[in-house]
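Got some structures for you, see below.
One chain, chain A, links the two complexes that follow: it is found with chain B in the first and with chain C in the second.
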Partner chain A sequence: MLLPSMIVLAAVSLFPFFFMIYASFMDYALDMDKPRFAGFDNWKGVLTADTFWESWGRTAVYAGGGLIAQLALGIAVALLLYHIPKFRNLFSTLLMLPLFVAPIVTGLLWRFLLDPTYGLYNWFLQKLGMNVQILGDTAYAMPAVILMDVWEWTPLITIIVLAGLQTVPEEPLEAAEVDGANGWQKVRYILLPMVRRMIVVALLVRSMDILRYVDTITIATEGGPADATKIIGYYLMQVAFRFQDIGGAAALGLTMLIVSTLLGRFFIKVMRSEEA
Partner chain B sequence: MAASRRALHTVLYLLLLVILAWGLVPILYMMLSSVKTQVNMFSMPPKLIFQPTFDVYGEMFAGRGDFAEFLTNSVIVALVTTALSLLLGVMGGFALARGNFKREKDISFWIISTRMAPIPAVILPLYLIFSKLGLIGTTTGLVFAYTTFNLPFALWMMSTFFKDVPIDLEEAAMIDGCSKFRAFWRVAVPTAAPGIVATGVLCLMFAWNDYSFASIFTGNGTQTVPIAVSLLVSQSGIKWGQAMATGTVIIMPMVLCGFLVRKYMVRGLSMGAVK
Partner chain C sequence: MKRSWTAGILAMILTSMLVLGACSSKESSESSSPSASASESATNPSAPSSAAASSDSDPFGGWVEGLPKIEAPAGFDWKQFAGTTLNVITENTPPSSGLAANIETFEKATGIKVNIEQVNLDVVIEKAGLDFNARNDNYHIIYADPYQILAKQAKHFLDLNTLNNDPSLPHIPGGLEDFIQSQLTADGYMGNKDKLYALPYDNPTMVLAYRKDVFEKYKDQFMKEKGYDWTPGPDMTWDQYYEVAAWINQKVKEGVITEVKYGTGHQAKQHDSLMNDFSNVLASFGGQYFQAQNIGDIGTENPGKSLLNSPEAIAAAEFYNKLLKEAAPGSTSWDWSGLAEAFAAGEIAMAPEWHEFSGTFENPESSKVVGKVGWTILPKGPKGRANMYGGTGVGINKYVPEKDQKAAWLFLIWATSPQTQYKILDVGFTPTRYSVYEMPLLKKAMSDPTSEEAKKLPLASSLTAAQEAWKEGNVYMRPKIPMWPQIDTIVYTELSKMLAGRQSPADTMKEIAKQSDKLTRN
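Now for the complex of A and B:
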């Protein structure tokens, strides 16, 4: 019964994967249909290009900044929800809404909110005395696209961590109370350690996903201004479909796959660690 | 003590309201803007009380535009990839949950890395293969492309759901004379039915919300709704009214779906790692 899935999965994943390795050693420049062997030229070209390293650098800022912010906020909101006596389900359901918004809509919606002439949030910022074109300014564009990711995906962290908090048994908390622990101490020494696995799971899922998507950036900034938000995935799309450098793009794609595969390996390990 | 606790709760609720505003204002503002006239939509401070108009929606559906076609394409592609992934995923997931594989760890790793592979890195080789097979610009191509992440997702989720079905149930059925397949079909599948529905809804959502694959693999006549969104952005400006309306149309069904399988959301979004 597993066989049909494995065959289809091989066709849609293994075969393309090997094809990409093959493509990374071929030169497609002259003839798309009859590529010539290029040896390590594509790899050399990609690995020595400044843009490649700069894009990975921006990816690190984007992923690092986004993950830290949504993790901190997500855990904080989960703890808030855990501590309220009523309406917990109502609040958590409403808070989940951004998760269902297509990333392309998120990008365009935030572009509208931050629009220098018509934007609601831009108007707020102007009232606060801040007069900048957020998405058109190299200093603000990256924080803005990070904010979009945080807006859309913080609820994922929140609901995963909240699910963990709700399974924490009563006894250690009561014992701590008897011993005179205050609320913060209970959070710090009992609740957080007990949901550590959920936090790691949420973080891993988000790290893989933050590498996966480029939709939001594609519509909000198109990698600009002046490449300020050009993360590696967006750069790959450009190399492949704008510059039509298929071999180079294949090499570039493989560097992305290496990173996501390492994260995947780590995820399996965590998943198994406390399963049985 | 009780008084200080009540004060604390008040503070917590107030904080939550702020968080709620941060999450919901953009969505509400989008819906509100989609029923405003151009003048009202652009006026600052924002108008909260106004005469709503559904002109933009009317234009989208009745006008010369192809919005209905985009919508049809989206529905077809999302449904077909979901059906395909579920069909294979339910069988395969069951085998994964029940079988004793020597290489089970490798298979799991393969499934997860396929599901989580960066989309641009998946698009490129598929593009090369599809061009050779003449699948660029076709609905079939897009369905295959979505299956690259929906099939591993369905396999993975269904194996975790089937692991929750007590094996005794199937064994009892088999003692009563059921074949192995009948035990799967009449016992395991109905017991795991909520999990199947939840997995299907999430597959639907991933396909429906995708822009990147669709931007490369679709052409005239096969484009999906997220492409309609991107077409509203051009050199000469952005059609904000239509953008807000299209955005609203895209998210509404997904919000409904999300609420429908709310109970399984945590499990789906954590790839089965948290129940």
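Now for the complex of A and C:
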């Protein structure tokens, strides 16, 4: 019974995984007739390249900044929706709209909004006397791409947390009210602790995603200016498709897989400790 | 639990903001190529002037007199490959749009079905690379960018000499000698001339776009203050260009000049465009990327050591860094399309730009500067002049079966023929054939920009400058080496760091040289 699904799993998941391991030890460029064994050359090249470590550093800022902002906003919006007596579903649906936008379109949308010539937001800034070129300035480009990710993915956190909030029983909240707890205290000591597992699930899903998403950055900044937004996923794409260095890209991809796995394990551990 | 109405109002505000954000999305074409936006329509500029003879000698429904015809050996059956489907992958450039709009002519004449896939250059590189690597024939005809594709993948292209010399097949109309020769060398060959891999297809070239109205209006004032005629032309130097840009910026600040916001704009985003923009300055200052000779036209596998740590290259970087401080601040976020949009919006007085954008500038739907744009070659530096050439050829995938190769050959000779090039002039196409430039329509359009002929051709205003730019001593061709995509990335990334103030011009050149030498193992 399980055999067909195992075969499909092997085809779509295990084969690429083992192929990546194989490719990471090969001198393997797209224009080569036959890959050649390269030992640890690709790994050495990847791990000793400044760009690799710098890209991981920027990825930490991008993922960390994005996740913190999304989490804070997502929980806030979920609590807001939870407290709405009417039309909650309507508001929820409308707030979900950015989720349905393809990341490439998100990149395009924000590039237009921030465009120095005809961008709406840029126009506002100019009217305020601020001649800032957001996507062309190293100081603002990273916050801008984080903002794009936050805009698109905050609703996902919201929907997961809201789902958790809706399962919270009324009794503890009513008891707290009888004891004279104010709104903030109910959120702080009852609601948030009761949805902690959902928050961890949301973080798990988003942290896996944010490490690999490059679409928005590809469209909005192409890793620039001055590499300010070159995160590891974009660097990998450059090595694989622009430089056509499959061996180097495989080694890079495996480092991403290792980090993703470690992050995933961390969040699963947190979830288990919550259960305990 | 008590739920607040205030929370409801806050949610409504949040929702409105998100919805407004989502609704303000405006679909537009992605930054793609210097030439992509020039394509507007696709109707023939002139109907064939002679009537069709017979279907054997004239399968394409009439010839334009004065141009070489597509001729086949006696008894050649144009329909022998009927039923074949050809897949073409190309960058979304004017010739591609023009061919796609006129493909029915070819399909009707040969019975061959042609699918033209127009995508960004990066996608062409990726898909062609995957096809070649797998020895697949998903794409029969490939847009062979000489620097990003041909230099690296030449061995996967069919030698077109074999088909051109095949007595049973039609030959290149007008012969190879009808192609602009420097472009044929750059687009068609790699390393030597033993094998012909591609035929010249398009030829965007960087020249200088400037606002005629601004330069005419303030000419006397500038002359009075600086003592020379500031009109951009062949005598302008980069130092003068800088001085003019700075003067315009100053006068804009004082409220004297109101027609533009900035003196100069550049395509200085961390992108291939930055390498192109900088290379014009580099070469005019006497700087070179590598030691090897003829590296730009015929190309080589081994470029030798990097020469970017030479005093000339460092001087060029210092000048470029200084120039960009006077440029429109948006320059660091613009590639060629962004720069063109800013210029078309009337923000900039001068911009080194691909000549094919003149179609955009003269289109009232996309431009506020219609009729106000002048074109000339780029300024000269201490050691000469350089106008970046960005042309490309089209070739046939070697892994295509023999029968399909012949069908693809028919497409290739039709697509690059003078007859076809002439018919798609009005989509913003720049001919790669000498014979087309000899046609009265083009001659008149280029000599008189106000003529009716010029109005029919979107690129008429910039073609004269482009032709001047192609002359020896004016044209610049970047290194054609297999590792160019990596070198290009190193160049524009390090330059972007320089422009962001993260490293000095000298350190930038040294860093590029160091990384290039490591990559080329020199």
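The rule we apply is simple: the second predicted complex is superposed on the first by the 257 of 276 C-alpha atoms of A that agree within 3 Å, B and C clash if a C-alpha of one lies under 4 Å from a C-alpha of the other, contacts with A are read in each partner's own complex, and residues count from 1 in each chain.
By definition in this document, a contact is a pair of C-beta atoms (placed from the backbone, for glycine too) under 8 Å apart; a residue touches a chain by one contact, two chains touch by 3 or more.
Remember, it's a predicted structure, so these values are computed and weren't measured experimentally.
Q: In the overlay, answer first, second, both or neither for which of chain B and chain C A:Gly129 touches.
A: neither
Q: Given the touch rule stated above, what does A:Gln244 touch, chain B (first), chain C (second), both, or neither?
A: So A:Gln244 only meets chain C here.
Q: Touch check for A:Tyr118: first (chain B), second (chain C), both, or neither?
A: In the superposition, A:Tyr118 touches chain B and chain C alike.
Q: Looking at chain A, does chain C or chain B touch more of its residues?
A: The partner with more contacted residues on chain A is B.
Q: According to the stated criteria, A:Pro169 is in contact with first (chain B), second (chain C), both, or neither; which is it?
A: Neither chain B nor chain C is touched by A:Pro169.
Q: Which of the two partners, first being chain B and second being chain C, lies in contact with A:Gly233: first, second, both, or neither?
A: first
Q: Considering only the touch criterion stated at the top, classify A:Leu108 as touching first (chain B), second (chain C), both, or neither.
A: Touch partners of A:Leu108: chain B and chain C.
Q: Which holds for A:Val201: it touches chain B only (first), chain C only (second), both, or neither?
A: Only chain B is touched by A:Val201; chain C is not.
Q: Touching A:Met1, do we find chain B (first), chain C (second), both, or neither?
A: first
Q: In the superposed arrangement, which partner chain does A:Gly224 touch: chain B (first), chain C (second), both, or neither?
A: Second partner only.
Q: Return the residues of chain A at which the contacts from chain B and from chain C coincide.
A: 32, 77, 80-81, 83-85, 91, 94-95, 97-98, 101, 105, 108-109, 112-113, 117-118, 120, 151, 155, 183, 219, 241
Q: Of all residues in chain C, which touch chain A in the complex?
A: Listed in rising order, the residues of chain C that touch chain A are 1-5, 7-8, 10-12, 14-15, 18-19, 21-22, 24-28, 30, 122, 125-126, 129-130, 132-133, 152-153, 155-156, 269-271, 328-334, 338, 341-342, 345, 347, 482, 485-486, 489, 493, 496-497, 499-500, 502.
Q: For a test of understanding, state which residues of chain B touch chain A in their complex under the given definition.
A: Going by the criterion above, the answer is residues 8-9, 12-13, 15-16, 19-20, 22-24, 26-27, 29-30, 33, 41-42, 44-46, 88-89, 91-92, 94-96, 99, 105, 107-114, 116-129, 131-132, 144, 147-148, 151-152, 155, 184, 205, 208-212, 215-216, 226, 229-230, 232-233, 238, 240, 243-244, 246-247, 250-251, 254-255, 257-259, 262, 265-266, 269-275.
Q: For a test of understanding, state which residues of chain A touch chain B in their complex under the given definition.
A: Those in contact with chain B are residues 1-2, 4-6, 8-9, 12-13, 15-17, 19-20, 23, 32-33, 77, 80-81, 83-85, 91, 93-105, 108-113, 117-118, 120, 123, 151, 154-156, 159-160, 163-164, 183, 198, 201-202, 205, 208-209, 211-215, 218-219, 233-234, 236-237, 240-241, 246, 249-250, 253-254, 256-257, 260-261, 263-265, 267-268, 270-271.
Q: Which of the residues in chain A come into contact with chain C in the complex?
A: 30-32, 77, 80-87, 91, 94-95, 97-98, 101, 105, 108-109, 112-113, 115-118, 120, 131, 133-138, 151, 155, 170, 173-174, 177, 183, 186, 219, 221-228, 238, 241-244
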